[in-house]
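Look for chain A in each of the two complexes below; its partner is chain B in the first and chain C in the second.
Our next item is the complex of A and B:
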């Protein structure tokens, strides 16, 4: 790939800059704190200069760096300029925003084509590229909601959500404690453990396996979440009813995956164990469970998300006045949308951390497996 | 006969055990309330009478299977389908938003997969976020999406369908990426020796190779979008649909109605999955595939 070639993203960005220049000013005339001519010139200059400079560079990394600085500098100036003038942005503002976004896209395209030698650089790139993508979702969200003056109820800008998270940490912490540390963790552990035990039982008794497996497969396609109101009637409003929903939701994926995993070890290995005269339990612990580990971890990962969903949805049906599901459903009723988004952000973070912990344990315990080593089976 | 012995008999046995356990559990769960009733009425029923009574309460803690079956049968077959009490009507409301969301989700998933396979920048930047997006308990956000869209005047089918879309695009996208990349190097090289263009390789090699993957992931996606539609109906005071039926049941302690709605949801889910499987098999056969 030639980095000095003029790409369509950069060309389009330059065209957008030119159009923006002819349609100035950036803000409506009645704006409270109008942007100075210097800022506007700086934005256009940054975009145009980095665009031109990007294909004058010799190496891909250098032109990516130039584009990175240009795109994010321009975006930062645009967002800083809009504060105090919410909803006053005119066409050139959005044109320049689009131009900056195109430059960032070009930057990612160049970075994706790079093939660095050192492993550190590879890891850095592997993290940087998605990070740029994520950052641009936030940038566009912030710039468009504030620039176009999108109603707060509809979609609050990320900065307002972050401010709300900062202001209401004690409430969020109490909700997390109620929902995650009581309902989700207990239900997750009990549900996964019982699914595992029943799978071993089904493995020991072939009749049970043949009967349970089709049922288990079918149940995993059913909308089990619907049992939530029934569990609330049975176990009351406290966290026990949420844990019960989580147990039911996590049981079947664990059962089906473990049974599939126990069938994963090859005939050769099992024959070898038989020639060693090993007992059922020895074969189970030394051969078949390790071979089933990837399947079991797969179920644990699926369940980490399911558990959160189950607990939060169950809280919609009745709960003490604390908990993430309770907070979401009441704050939406009071139209405190930023609080709802704050709760969602916390839930997303908790979900990712939960998933990450399971994935980390998987890598630590199944380091020998081909899929982890990056080799072939 | 082997099929009968190996498959049908164990499944039926397990199902029978489940039903028996359900009856026992129903008696156990309903007993305290029934004992209370009898004490107030000053009755001393025999054990058999007592068990019979626990299984025929109008609002039991745990309805017995025959009560659920009876309610399900009445509300499915004996009512006009336009009646607000008909389960067919509620299932249809849920099914319509499920299907709309499933269609959107499948289209979106395929589109994303094609993009990821062909544009390397998308592959590197989008794929991690697609996976991360599924660790977010989006289902919990469902009520908000619906309330927010209602605030700007979008109500009815579309908001529920959006939730189904979000839930169903992921399996399709991941499955299709795998499917579009499934042709091995030999086949790609063969296309190269034919001087095939990128679009020819795509339509004549990658797409046919991805069909089994597509239908396998569509089975998962259709189940997920049904869950999305049901949860989308839950907290918003929707008046029709399986989720609304569940919510109304929980407000008025109509436990039998709730269980019947749950059964209806399960029937719809099973039908959808079987239907997708059937279509998949038909398509594969018409493309000249042999059953493995």
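Our next item is the complex of A and C:
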């Protein structure tokens, strides 16, 4: 790919700059703290200069760096300029924001086309590209909600959510302890383990397989979250009833996947074990379970998400006064949407970490599978 | 089950027989109707013999080996292995089987693939190590112990699967086109090695191949088969000496046997047209 070619993102960014210049000023006349002419010029200058400089550069890394500075500098100036003037932004503000975003897009496009040699640079790039992506979701969210003055109750800006997280750390920590470290983890471990054990039983005992599997497939299609109120009646308000919901939700995906995985080993491999007069358990541990590992990990990953959803939603049906689901349902009633968003952010983070840990273990144990090593079968 | 055991023992007159098939037949029930894979096969394989099976594709060579190995059940006739039913022979670990494809486990290194049957029969660790080393040497895979199957070429994988069967060290070796995927030079080398191993150990070997020279070079007896239904059309005794250097393949005696095998194959084919 040639870096010195004018890309459509950069060209469009320049056009947007030009239109912005003709439609100035950036803020409405009533703005409390109007942006100085210097700031506006600086934003336009940053966008335009880095756009032009990016395709005059000798290397991809250099033009990416120029675009990176231009896009993020302009975005920072825009967001800084809007503070105190929420809801006062005019067209040029959004045009320049779009131009900065296009530059960032171009920057990511160049970065993903780079083929660095050193492994450190590769790791750095692998982290940098999604980081820029994520940062721009937040930048656009912040700049648009504040620039257009979106009502707080509809969508608070990320900075307000971050501030709320910072102020409520003890509450959030208590909620995480209650919901994730008690209900989710306990339910996940028990649900996955029992699904696995029952799958092996079903494999051993044919009538279980014939009877249980059709039911398993049917039950996994039901909206299991509906049993949450019943679990509360059975197991009380504490975390045990939430763990019960999680167990029910994670049991069947594990059962169905493990049974499918146990059937996944090849005929020739099973014949081979037969010629060694290998016992049922030897064949299970040396051939069928390793061959089933990709299926089992699939269930573990699906279940990591299901468990979190199950525990949070189950708390809507009655809990003691702590827990992520409890907090979400009460704070929304009090119109404290920033607290709801804070819980959502924490849940998203916890869910990603959970999923990431499972995926990491998967990569380490099923390294041999074509989908992991990326080779021929 | 018990009845067939008694019958098999009763009919096994020949004490030296390792494989004894009488009027053996096998019909697969498929969705397009029955397929007769084997029909009226009568064959006795004695201890220490090297028997090759040759014939066009689909004539039932693999099926016959699988019947010996108790991986398929015959629908007619009788077969006994060492005077036992195939099932008993399998439980007694009477044979090693080399499949048409390597069938290595991708999550195991080559050396632990070779050691798999040894783990299953529960040999002591030290003896496992010793046998793994010896058989990997034999198939020229030394240095690849820690590699995974998918890091090796197809031919190397096949050699690893041969090493695995040799490490198992049963007296009867069933080999289904083990050298089909190998280049000519490696094939010659392994043919020599296999012949030497056979002479030294007095194993009985059933060997499926599509190559006439390979069959003649290796065998004491060559069984020619033909398809639809799969049956034995000719059994050719080799007159070659036990000691066979590679260049015996240019001798007139060798060429005469090869010509007989070729004629047998042609005769089988002409039924089709």
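List of remarks:
Keep in mind that, in the parts below, the second predicted complex is superposed on the first by the 366 of 377 C-alpha atoms of A that agree within 3 Å, B and C clash if a C-alpha of one lies under 4 Å from a C-alpha of the other, contacts with A are read in each partner's own complex, and residues count from 1 in each chain.
Assume a contact is a pair of C-beta atoms (placed from the backbone, for glycine too) under 8 Å apart; a residue touches a chain by one contact, two chains touch by 3 or more.
In this text, all values refer to a predicted model and were calculated from it rather than measured experimentally.
After superposition onto chain A, the modelled positions of chain B and chain C are compatible, with room for both. Of the two partners chain B and chain C, more chain A residues are in touch with B. Of the two partner chains, neither chain B nor chain C is touched by A:236. In the superposition on chain A, A:320 contacts neither chain B nor chain C.
In the superposition on chain A, contact is made by A:277 with chain C only, not with chain B. When the shared chain is aligned, no partner comes close enough to touch A:45: not chain B, not chain C.
In the superposition on chain A, contact of A:286 is made with chain C only, not with chain B. By the touch criterion defined above, A:112 lies against chain B but remains apart from chain C after alignment on the C-alpha atoms of chain A. Per the superposed model, the minimal spacing between any CA atom of chain B and any CA atom of chain C is 14 Å.
The intersection of chain A residues touching chain B with those touching chain C, taken from the two complexes, is empty.
Of all residues in chain A, only 105, 108-109, 111-113, 126, 129-130, 132-134, 151, 153-155, 207-208, 210-212, 214-215, 218, 220-223, 225-227, 229-230, 232-234, 304-305, 308-309, 312-313, 316-318, 324-325, 328-329, 332, 337, 340, 344, 347-348, 351-352, 354-355 touch chain B in the complex they form.
Residues of chain B touching chain A in their complex: 6-7, 10-15, 29, 61-62, 120-121, 123-129, 132, 134-137, 139-141, 143-144, 147-148, 151-152, 219, 223, 226-227, 230-231, 234-235, 242-243, 246-247, 249-250, 253, 255, 258-259, 261-262, 265-266, 269-270, 273. Listed in rising order, the residues of chain C touching chain A in the complex are 66, 69-71, 90-93, 95-97, 99, 101, 103, 105-107, 116-117, 119-121, 148, 150, 168. Only residues 266, 268-269, 271-278, 282, 286-287, 290, 293, 366, 368-370, 373, 375-376 of chain A touch chain C when the two sit together in their complex.
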